[in-house]
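There are structures below to look over.
Two complexes follow with subunit A in common, the first pairing it with subunit B and the second with subunit C.
The block that comes next holds the complex of A and B.
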């Protein structure tokens, strides 16, 4: 039961898709012409999808898929469909994401032709980032963007651009699913390619962490909890050693984390503990850090003795807590920061 | 395959007006006026609310993120799945936002409640010969199928289809709900190239397809078709066919017996439903309940079944079904289950699978009378009754096990099936006991939760909090034990099945011990999170099992951590090469100075339990 009178070849499909997208661009939405263009684009996208993924009993058509990818580059299709994504209908948007990701994953030997293509058209990446501005396409764009940044080259472009900093706004969006999708992308960007990430964090330290502190102090419980957790992960990753030492020698950071240890939320207290331990376990504490800890020595010991005592099952946590208590107890004025000589599992 | 199926039946509903531009919903708490609670669970309540700007009723699921046990990512996945759906037969998700430490999920209010509520309500009025009439059932199923078809073409599997997850709107609309366990079939947003079968053990046992229980074969969207068939029987008879059995037995019956039919239900319930349901209906159910998933029809194919030509529009459901439904306000006090929080096997933070179904625990109080005496034995592991206990001692080793060499003149006369079944029974009793304890703890938790809702200031009191945490810890401990049991039980169930197949294939085999496969009973000794040494025992069938697959099974059962997978697999192979040699190896991240391979701190050990006995 052929749904379409005539099966088009990849060139024809891509050509007519481009034509319909042009119509959308020129006429905006609402007009009769635009309506037809939306409808026709959906149909073409379905056909393209079934070439790439197969459909029903049909396997994907490898040869056609290769041709299709080639035509996509020739016609700048990835750029055009993303540009017009918001004008397409609900299902077509999802199809676009699937098609895009499939073509992105294509490999010829060790080469990834689509990655090479996007490197020359970095606007595609920035359009995807801006997708978070529009709730209608935010999640579709997120799916495509995350596939992109799996490739180090593409992640680098995003990290090194100004558009990276818009994530600090996106992760605080009020709609939970969009904000948390943006957060996953943000986290991927900061953790996936270890060496690249470490270089980036070192190079852009001030800007990254100034803004990061806004997240840690967010009104939004989820933002606070997620960003605190990520902070702990970043500091404990050995690739980020330089960043970690810099972070834990700043007394302002210590003060903030100590306040979070007393947050109303137990989950936040717990995540804060995992950042706090890095400050204490550091064998070469900066003077200001040492001063704060010494000044609060007794109170801290008291506090830690009572801290999450019901967490009896978490052996590692209890060991770490005991270690911290010992470290803080043994601190004294003349130590010159050499206190924590034996660094436990905490920082290594 | 086109996304929109060729309509086989003319439109059941009058042509809907052009699709309204999607309405916008604010993310401000003040815009929602909370009303009656219509459901509650351990970490969430569902409430009716009025969206003030439009004076429109909605349902809000309030999830307490401080208590929520799965990761935030899991929650995000669930919501993404919902927002990726746009179909009249799939629950309408509007928006979600954070209010203090709660997540509010705003959804369409389905004021008819779940189909399960309706079934139960009808049953209170007596239901000789069938709960819902065939025209009602086929109409509801027809709508369910359309939602299911949409799901499947999206590359999603629902994985927990049952009457409890089918919601009815005030206009008679039928919608699939509870995506708590549903998952993408191929990668993020259906992006993966291949349709990778899934291996995770989720769903509610009574509705669960055999291949989902089996775990060794993987499953696809056809698993939902099995559940669909069970749901059809549920609508006719009021319960899933094996609802009155404990979960372990359900697994066994599903794996071992021929698929359930309406006849099976007649026998089990002592009722005769046959006269009220057509041959065509029974045939349709049979097609869905075939053990070989590839033989089951797809949702698209099912929609073409002539049976559904008789299906009607939602108007009909509104008239016939909602007339029989309990009112929303009456449910407000009665309904205990909340979509997404209970009534299924779900994953805990530790990655283990646990059951939490209030209905189920109520229903399987039908165990044998020996229960008490048998349970009394539980503390003495090698009970004199000769019944194999939990950590089976070598002498009672089940399975067509065989000694590696000459000494093999074992008790081959003993029926291996019977010994396995015996072992299963013990496991089931143990399971039941654990389940009771868990239910008890859950009850206490629920009570705590209720106090909290009524008196929010309690949240801040230390004693209240520590009570809650204490309960949680207790329950998690029990749940971990339960996982162990589930894992052992699965192994036995699979073995039983294999045994059956091998007996069918070769009747001689039973008398021929040499033909039996060599089975090594292996124990993995390692420390639990509570630092107790525990043995995890499993069978390794030489020539059939691989170290990799076994390690993956252990992982799937929550007995291993992801990072331990490779090292355990590698050491299983090492052990198999030289079964007489214990293997000790490093696991976990214990600080160097504490490592101790004698006390197994930071180490685990693998050894063979049963050689030559």
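The block that comes next holds the complex of A and C.
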């Protein structure tokens, strides 16, 4: 900061930032005016950041931060900044993410004013999701989005919107870092708020899992492996009990998982095993599931006998494998429902 | 130190000052007014700086520097018999401390650097439980502090369900992975010793011991909130994995160095059947004061999750009031009180908090709050910032140490480990074998050929004095051998020897009875 420059108060900072952003919006990039606007907004963002986080020896200025947040809401700043994020320079984008997350975490007593604000401006969330479309801002948007969905109210908005389903494409993006980032947001959405997630999965079961199968059959190894692992986690979470019972009574799911047991990647075989065991251990198997298992009884036993025999050090895996072999061996026509007996511990 | 100075002869015999007088170089030098020699070799304030050095141990940098220089003279000393030691000590040394060699021998095995499981360097004992001892260890590969539960097969088999409980605990721990649940990192056993080692994340201590030492045995509201939120996060995770903990209480909530709560002790936890929709449990082994009315009144089975909620409610009550909601002289009477579910909340508790506690301590498990409701409770989501003037409740220092930060107890062992390596004759063995202390001495003996009792002392002194870091290996060695023959010199050398150990106690050179030294040794 220049030595004699007048230190701007939060209102002035926010106002001038808005003005520069407007210039950017109107002029697009490249023009002289736009360049200047980019430069100036970077400076302002730095100043804002130092109010919120402190800089060097200076502590964060609590009172100014409160004013600043207020001006942000008044001027719809989160919306405007994110809208113009792609036009800002590299450092400024990072500053935006930090500023946004700081303001988002603000709490006054029981209230989270920023969360309330975003609830009324859900466009902000959808813009953040769409951020994955643009490689220049994808990761910055990911950081902000994940901070948002830590709040149940905001996660709910995303889950219940159509934009949630765009994650199914984002996780398969060819840029590895963006796809991974999108996947971790996706996972967070489906696991963070247990009760909300369970309700969502139950309510939108067909749509969610139809699309999910596309991921499980993806050409992309990482997508396939990650999504299979997440599937296992989802099914094994007690909150998703209803979802699990529904999932494991569908023979199509069993067939797919059985095929994955024979995937060429050992890691995928292994992850598939942890889903497969739930089908077998279920004490109340649906008829179609029983039929498939019985039809393949011998082959399955043979297969499991040879399955990952070199994992000698993993006791739990071996116990589970033995348990499954026993279960399948003992299956016979007509008593399918009973075989699962005392499964509990061995299956989890 | 002050006494020491007063008893110091005003003018030590200048000629013998350095090289003179028996051995006790740690002592002699220390109490004498610094001779010119001192000024050359040590820092301007040799006494105080060295004291600090010895207490804080490995502190790299400033502290370490003077000692090798300072101790140097001792190495070039001639053997005692030739020196008129008495002259030097003079009459003023009436209260010169003598330490019995037994005391030093006694302490020695504890400081022996020992590696178990090929990568864990042993530190001090952190605690002893019904099943196991817990020791701090340093993972030599990752350099992380670890807590290692050591269980003896013999002891386990004598406890009802002992082995089964341990097996279950390990199995449960293996599959858990959450910030607020203690992480199991490694399990191995030593078949020869019939010991089982369970390597866990290191935690500085438990919330119960903080409460015990806290003013009025309670946390300030904001601190209680901080820990309670983490307890609920961890508990939600456990329940989502189908685990009923059954023994939630402050004593089982540990804290890491960065203030993260870890739910620990899954000794009596139960894993629910994945396919049964209910969370019915029918046996309990937890702590009586934290049991819910349905358990206390002896029902056949109950909701395991709700029982954990109840225990968390009692925990929160204890956090914020320093008391228990239910008390009784005997378990029987306690259970009678709990079954009635009558308790009082101190009126000074904020009404929102009272409401939360009441909701968690509802007699009817169906009406009792569930985790989701707790998470939405106003007190839970409110921001509780630390008032400026309010003090944070901290850990009490370990036992009688003064280290309120609870620094690693492995450091002294580590020090001895490296000092030892600097000694001649050891290069051959390199890093000695973990389990085998005997082998250690054997190697030494073969290289020096002196009797083993003295030898072990010699090795102590080597390990202890920082000056052995200096590379004068073989010479040091032969001279030490000569220095040892009389018991007196052994005693005194022992004193010098323990000097460099960073211990919380005052350095041994201070005046103190030999009894005190031995006590300190046992506390270690």
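Some observations on this one:
Everything below uses one rule, namely that the second predicted complex is superposed on the first by the 340 of 348 C-alpha atoms of A that agree within 3 Å, B and C clash if a C-alpha of one lies under 4 Å from a C-alpha of the other, contacts with A are read in each partner's own complex, and residues count from 1 in each chain.
In this text, a contact is a pair of C-beta atoms (placed from the backbone, for glycine too) under 8 Å apart; a residue touches a chain by one contact, two chains touch by 3 or more.
This one's a predicted model, so the numbers in the text were calculated from it and none came from an experiment.
Applying the stated clash criterion after superposition on subunit A shows that subunit B and subunit C collide. Looking at the superposition, the partner that touches the larger set of subunit A residues, subunit B or subunit C, turns out to be B. Looking at the shared chain after the overlay, A:284 reaches subunit C, while subunit B stays out of its contact range. Contacts of A:110 after superposition: subunit C is touched, whereas subunit B is not reached. Shared-chain residue A:175: touches subunit B; no touch with subunit C. When the two complexes are overlaid on their common chain A, residue A:239 makes contact with subunit C while staying clear of subunit B.
Of the two partner chains placed by superposition, A:165 touches none, neither subunit B nor subunit C.
By the touch criterion defined above, A:195 reaches subunit C but does not reach subunit B.
Of 164-172, 326-334, 398-406 or 470-478, the subunit B stretch that intrudes into subunit C once chain A is superposed is 398-406 (criterion: clashing C-alpha atoms). Once both structures are placed on chain A, subunit A residues 344-345 are touched by subunit B and, in the other complex, by subunit C.
Contact residues on subunit B toward subunit A in their complex (touch as defined above): 1-3, 6, 27-28, 65-66, 72-73, 76, 79-80, 83-84, 86, 95-98, 100-101, 103, 154, 188-191, 193, 460, 465-466, 469-470, 473, 476-477, 529-531, 589, 591. Against subunit A, the residues of subunit C that register as touching in their complex are 171, 174-175, 236, 239-242, 271-277, 372, 378, 381-383. Touching subunit B in their complex are the following residues of subunit A: 1, 3, 46, 50, 53, 55-56, 60, 90-91, 94, 97-98, 101-102, 105, 139-140, 143, 146-147, 174-177, 180-181, 184, 220-222, 225-226, 264-267, 310-315, 344-345. Those residues of subunit A lying in contact with subunit C across their complex are 107-110, 194-195, 236-239, 241, 278, 281-284, 316, 340, 343-345, 347-348.
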